[in-house]
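Each remark here refers to the structure printed beneath this line.
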Amino acid sequence: MGYGDVEMIDANGIRNDGRKAGDVRPISIELGVVPVADGSCRMRWGTNDVIAAIYGPMEAHPRKIQRQDRAVLDVRYNMAPFSTSDRIRPGFNRRSREISKVTAEALESVVMLELYPRSKIRVEIEIICAEAGTRCVGLTAASVALAHAGIPMTDLVVSVASGKINDVVVCDLNKAEDNYGEADLPMGVLPNTGELVFLQMDGDLSPEEFQEAWDYNMNAAMVIHEYCVEALKTGRYPQ
Amino acid sequence: MSIPLVPQLLRSHLRELADNDQRLDSRAQFEGRDVDVEVGILANAEGSARVRMGDTIVLAGVKFQTMTPYPDRPNEGGLMCMAEVRPVSGRQHEAGPPSAESIELSRVVDRGIRESGCIDTSDLCIIPGEKAWQVILDLFAVSDDGNLFDAFALAGITALRNATIPQEKFELGEDRPLVVSKTPIMCSYQRVGGRFIFDANGREELGGDERIHITLGDDNHVHSLQKGLKGAFTAAEFTELMEEARKKGEELRNMVHALEGGN
Amino acid sequence: MSIPLVPQLLRSHLRELADNDQRLDSRAQFEGRDVDVEVGILANAEGSARVRMGDTIVLAGVKFQTMTPYPDRPNEGGLMCMAEVRPVSGRQHEAGPPSAESIELSRVVDRGIRESGCIDTSDLCIIPGEKAWQVILDLFAVSDDGNLFDAFALAGITALRNATIPQEKFELGEDRPLVVSKTPIMCSYQRVGGRFIFDANGREELGGDERIHITLGDDNHVHSLQKGLKGAFTAAEFTELMEEARKKGEELRNMVHALEGGN
Amino acid sequence: MGYGDVEMIDANGIRNDGRKAGDVRPISIELGVVPVADGSCRMRWGTNDVIAAIYGPMEAHPRKIQRQDRAVLDVRYNMAPFSTSDRIRPGFNRRSREISKVTAEALESVVMLELYPRSKIRVEIEIICAEAGTRCVGLTAASVALAHAGIPMTDLVVSVASGKINDVVVCDLNKAEDNYGEADLPMGVLPNTGELVFLQMDGDLSPEEFQEAWDYNMNAAMVIHEYCVEALKTGRYPQ
Amino acid sequence: MGYGDVEMIDANGIRNDGRKAGDVRPISIELGVVPVADGSCRMRWGTNDVIAAIYGPMEAHPRKIQRQDRAVLDVRYNMAPFSTSDRIRPGFNRRSREISKVTAEALESVVMLELYPRSKIRVEIEIICAEAGTRCVGLTAASVALAHAGIPMTDLVVSVASGKINDVVVCDLNKAEDNYGEADLPMGVLPNTGELVFLQMDGDLSPEEFQEAWDYNMNAAMVIHEYCVEALKTGRYPQ
Amino acid sequence: MSIPLVPQLLRSHLRELADNDQRLDSRAQFEGRDVDVEVGILANAEGSARVRMGDTIVLAGVKFQTMTPYPDRPNEGGLMCMAEVRPVSGRQHEAGPPSAESIELSRVVDRGIRESGCIDTSDLCIIPGEKAWQVILDLFAVSDDGNLFDAFALAGITALRNATIPQEKFELGEDRPLVVSKTPIMCSYQRVGGRFIFDANGREELGGDERIHITLGDDNHVHSLQKGLKGAFTAAEFTELMEEARKKGEELRNMVHALEGGN
């Protein structure tokens, strides 16, 4: 966790990319970026570049994966080989498997699966360029893509990760902050109710720091939600 | 993937029980099963523990290997934590490559231990840049009647705290104890019948909804969180669980420490 | 493997269209879709390109690693080309290990670039016999509406021609451009409705027969050929396709070169 | 096969662990050690520690593995990663596959499979701590666990391995004897008939030595059979 | 592509194995070499030694691979571990997968698959000893084995590879010519119509050189076709 | 896994034959099929053999690689034996990863050769602790009409006894023969129709019960045993098979030696 001489936040509370503690990185959203899909969304967030595409509802194959009373969500989170500084070898990856699982479970909490018994909805999340917080970008983009595909949902899921760096709690960690930081708290929020459907955390947070990071995430989620709603109205954000 | 047919009935029953503040096995909402911990039970491991919580039984074994340090951390060794849920441990566990469930289990237990900073990886260095110890913690489910997460985490930290670095076997001097400076404890809560309960057993897991796993350190700092399965929870619910985890964590941490006194 | 049920109807329709020298989207027999190429679009790649042809969209990213040269070629680095057609790019693309189709795609694109000799592998040597650059070209399908072969080949050569060897990051001096001396271009033809057409879209592929992939170099030399799928063709048909490929190849090659002027 | 100065048997015929040539290592047996299973057995034998658990009879899935006229036995022999001096990597392993196969075939010879058409019986053998002879311990423990699960059998299978060390034939090889020995003869015996359902051997045995090892195994099997019967009556051996 | 001092063709146009530019290596063919198969063929061609065996038509398993209106061809091209100078590790191999695919597609173009709805025909091609041009030998041997199995076909497929060496275009490259050569053009020809069902190429050929290599292949295919027909009549070629 | 439907009929027929001391192909109980062995048949292998027993045909090829000796045996090379039963060799052999059957086959043949001590692994050392020869014996089934075990074992030992260490190719001096000091022979017996027979063919295997594989050395010492498949046998039965294996083993061993005289 040592980060030597790297000064992540200056005396005035300004972070290495010019943001204040509670600021979110710049975000842009574009719909329909995978023309052959039933719904799709590209989300750029800092230098993250993420594509989510939806296929379905379609018949679930093979039959043993079918559920009589609802659709199954088949979610894949994947990092493209050129998405990071060191190339990623394609193939099985324990980290991706875990993120796919918790992302699926977050989305299952809002998609009205019972409307589509015996069917399958495929949610494909591809990290084209990774900065930090890709699981949050992927989850948010996937929920927007589901809405774009016209899949009924009780709410969007907006996800963001706050954390701690240089003993200061900050919102929406960037790459350097994630590398040298002391804690990372990604959350997935339902903007209409304030409930959570996604939560992970690692590092070290005192009870007070934890509350601070939680609040940053909640506030940021409300802001990002506005962007998503705007994009769903007009096809892109910002205009 | 097997399709359980009973769950709807089970869920109704669990709902009724919850409405009357009851559980299948008469426990209170945040009451855990009896916990029994033994250490040093594996003759070929350098540290080991068996944990029994009701009919859930798990083993943890610690082994050491030498590794080349990572170029960016030449003075550090490593920790690897692997959980296996093999078919021996339950009818529902089929043979095959690691499932998403067992990968999550491994990684959540691993993060809880790793992020607590309880193991000083620079203490594992043998020759800077050339050779260091890799600590491998293997978690093995013997009988799964629910809540493998807490059982694995408890067996894991107990086995680590009782582990010896086998320096003689590697001709690197005398054996010495692995230094483990903290005792992170995981407490897991699952929504069953609409409310969160502690230490769900197998039937409660089958008829339950989302789970929350909280790992706290000696000073009540949070080191790892994980929400699993379908479901949404409120901030108020989470705050209550954090409070419960602090109480229960202290109790289990004291149990782990007491075992060491007895050695 | 999904069994498409519609193809017979589609095939009849394509046959009728062909008999009237028409195509589904009103193109002429050897007319390609509009091609849009962007370079430098991936912040973490050392060279990159996005190609859009109709609703087919692909990305190419170039990364560099150091490798030990092969014993029989101590003064040479290497080139590796990998194509991935992940489920994101179309309903028909299922998750799983690489299909025979995607392996063929990788290898045919790889051969076209490699065999043109456009990359001088001896220019990739760092220390003879010890260290050399390995160029890794990753091709990624975003949206598959047919003819991934040509889209990948075009994105691939464009990304390579815009790539920088990241020598600073590896503490090997200043960054320098990867030298790519030629611009091999692939043109693919598929028999649809009985005749060969250029740049088949997704529906045409679904109702089509054999494909021929031709990669030509700057001087119209042939560098790679591949016939895919069931079907037989005549020498006369092939001669016509070669002639078409020469014309189209020159057009696309000029487009690639023009992009560089604009940088 | 060379073992340098290691003295495995002294002038009085006493082995490195104090046993005489024909002695079996100490054995204890405990039933019901996997509470969620339909039958289970833990067998400690020297420092071997082995668990066998039974699930079933249950419906055989997928259908193509079903047999119209009998149950299938699905047997897995596995060594836990911490069971040996050098850690064992989980996953595919040719040795385990072979032992699983011959163990299954030995048990198929005694389980009355024809009573359960179309069903499957799972036999899980886990080596928790390995000394030597784990395949014998596993096979014996599995047959006891099957009996504990109430699966009808024509007989138990009792398995033990004798071998040769320092040119002397000895019963029930321990770890050092297995490592430095010249031959290993594991057998699986039906105590009621004296028939064999399991047999392997490697090394070098003259016809006379072979007969001697065979006889040791037969005698030891009868002794161990008594322990198993005792355990099945009372839940454990020794009391 | 450099080949130093290796003289591949001498001043009189004689190649390193004594052939002239348009000559094919010695070929022998034997049928029935896999007695348990429904049809089989061994083709020795230079020092290539290749076995092709046919099983079927048989019921296609599992059902999802069945086609309602035709048989599926299940073609495997494989190099035995001892077939090359450096041992080949068994298992998954991208090169073999590609060759299997294009070989299958070539054969599908001639086998009358529509006569056998819902069934499968297995075509097994094993390279026992490899010189150069194994894919051509394998494809030719497979088409002869299919005929030997009595599977109706519209034509045989005869395959051969010409190429360029020392700037000279030559027919049917041998090992040294393949290693040091500048281009390789394998083709699969239908002898009765002159159509192609298989075509690959890599290297560097001018339009004129390309035509020359093409013509060599066409001529060689007609010659080799005679050998195949002879073998199918009498069980072997030469007699 | 295919479910054979005929076996009950086949088993009845085999039982009747056995009751009359007959076999499907008129052989006597312990009579093997004609054996034909050729050596040196694989141009790219350093040792090779083809064995034909009836319609069972197998190949064995020996290759050499250099290896780093194991730390605990710095003066020794290694032997690896791999059997492949690919789909070419029979309708019942499906494509896929190695089956339990083929793994058993590899390992039983390997043990018979290895445990006989016929190869002195210290003779394979090149530079102690640094470099040694690894002998790789690959067994390949061309046509499986039963008893691949004996065919593989015979082809294997024959190929080894005819192998040359390719020292020139590795620039390690002149080629020299691999020293193989013994000739272990495997004889396999299967219970068919209630009694054990030698050298079961494909139909007998399909309708048979347990198998016993016996590998004996030059001096009739036992080097490897294996019982396979469901079934129980008596000590008396086993004693008879051992006696038969001694006779048959000597006959086959003489055949192998005779081939070498002829070289």
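Every chain is named by a letter (A, B, C, D, E and F) in the order it is written, and numbering of its residues begins at 1.
Convention: contacts are C-beta pairs under 8 Å (C-beta built on N, C-alpha and C of every residue); 3 or more make two chains touch, one makes a residue touch a chain.
Everything quoted here is computed from the prediction, not taken from an experiment.
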Check: Which contact partners do chain D and chain E have in common?
Finding: F
Next item on the list: Give the pair among B-D, C-E or E-F whose set of contact pairs overlaps with that of A-B by over half, matching residues by number.
Entry: C-E
Note to self: Suppose chain centres are the mean of their C-alpha atoms. Which chain sits farthest from chain C?
What the structure shows: D
Margin query: What's the distance between the Cα centroids of chain C and chain F, rounded to whole Å?
Written below: 49
Margin query: Can you compute the centre-to-centre distance for chain B and chain E, using the mean CA position of each chain? Integer Å is fine.
Written below: 58
Next item on the list: Indicate the residues of chain B shared as contacts by at least two other chains.
Entry: none
Note to self: Multi-chain contacts only, two chains or more: what residues does chain A have there?
What the structure shows: 64
Notebook entry, point to check: How would one label the connectivity among the chains shown: line, ring, star, complete, or other?
Noted result: ring
Note to self: Ring order, please: chain C first, chain E next, then the rest.
What the structure shows: C, E, F, D, B, A
Item checked: chain D-facing residues of chain B, complex -> 2, 42-45, 48, 55, 57, 59, 61-63, 65, 82, 84, 86-91, 95, 136, 138, 140, 142-145, 202
Check: Touching chain B in the complex: which residues of chain D?
Finding: 33-37, 47, 49, 51, 53, 55, 58, 61, 74, 76, 78, 80-85, 87, 90, 122, 124, 126, 128-130
Checklist line | Residues of chain F defined as touching chain D within the complex | finding: 1, 3, 98, 100-101, 103-104, 106-107, 111, 114-117, 210, 212, 217, 219-235, 238, 242
Next item on the list: Name, in rising order, each residue of chain A that touches chain B in their complex.
Entry: 1, 64-65, 67-68, 94-95, 97-98, 100-102, 105-106, 108-110, 185, 190, 193-207, 210, 214
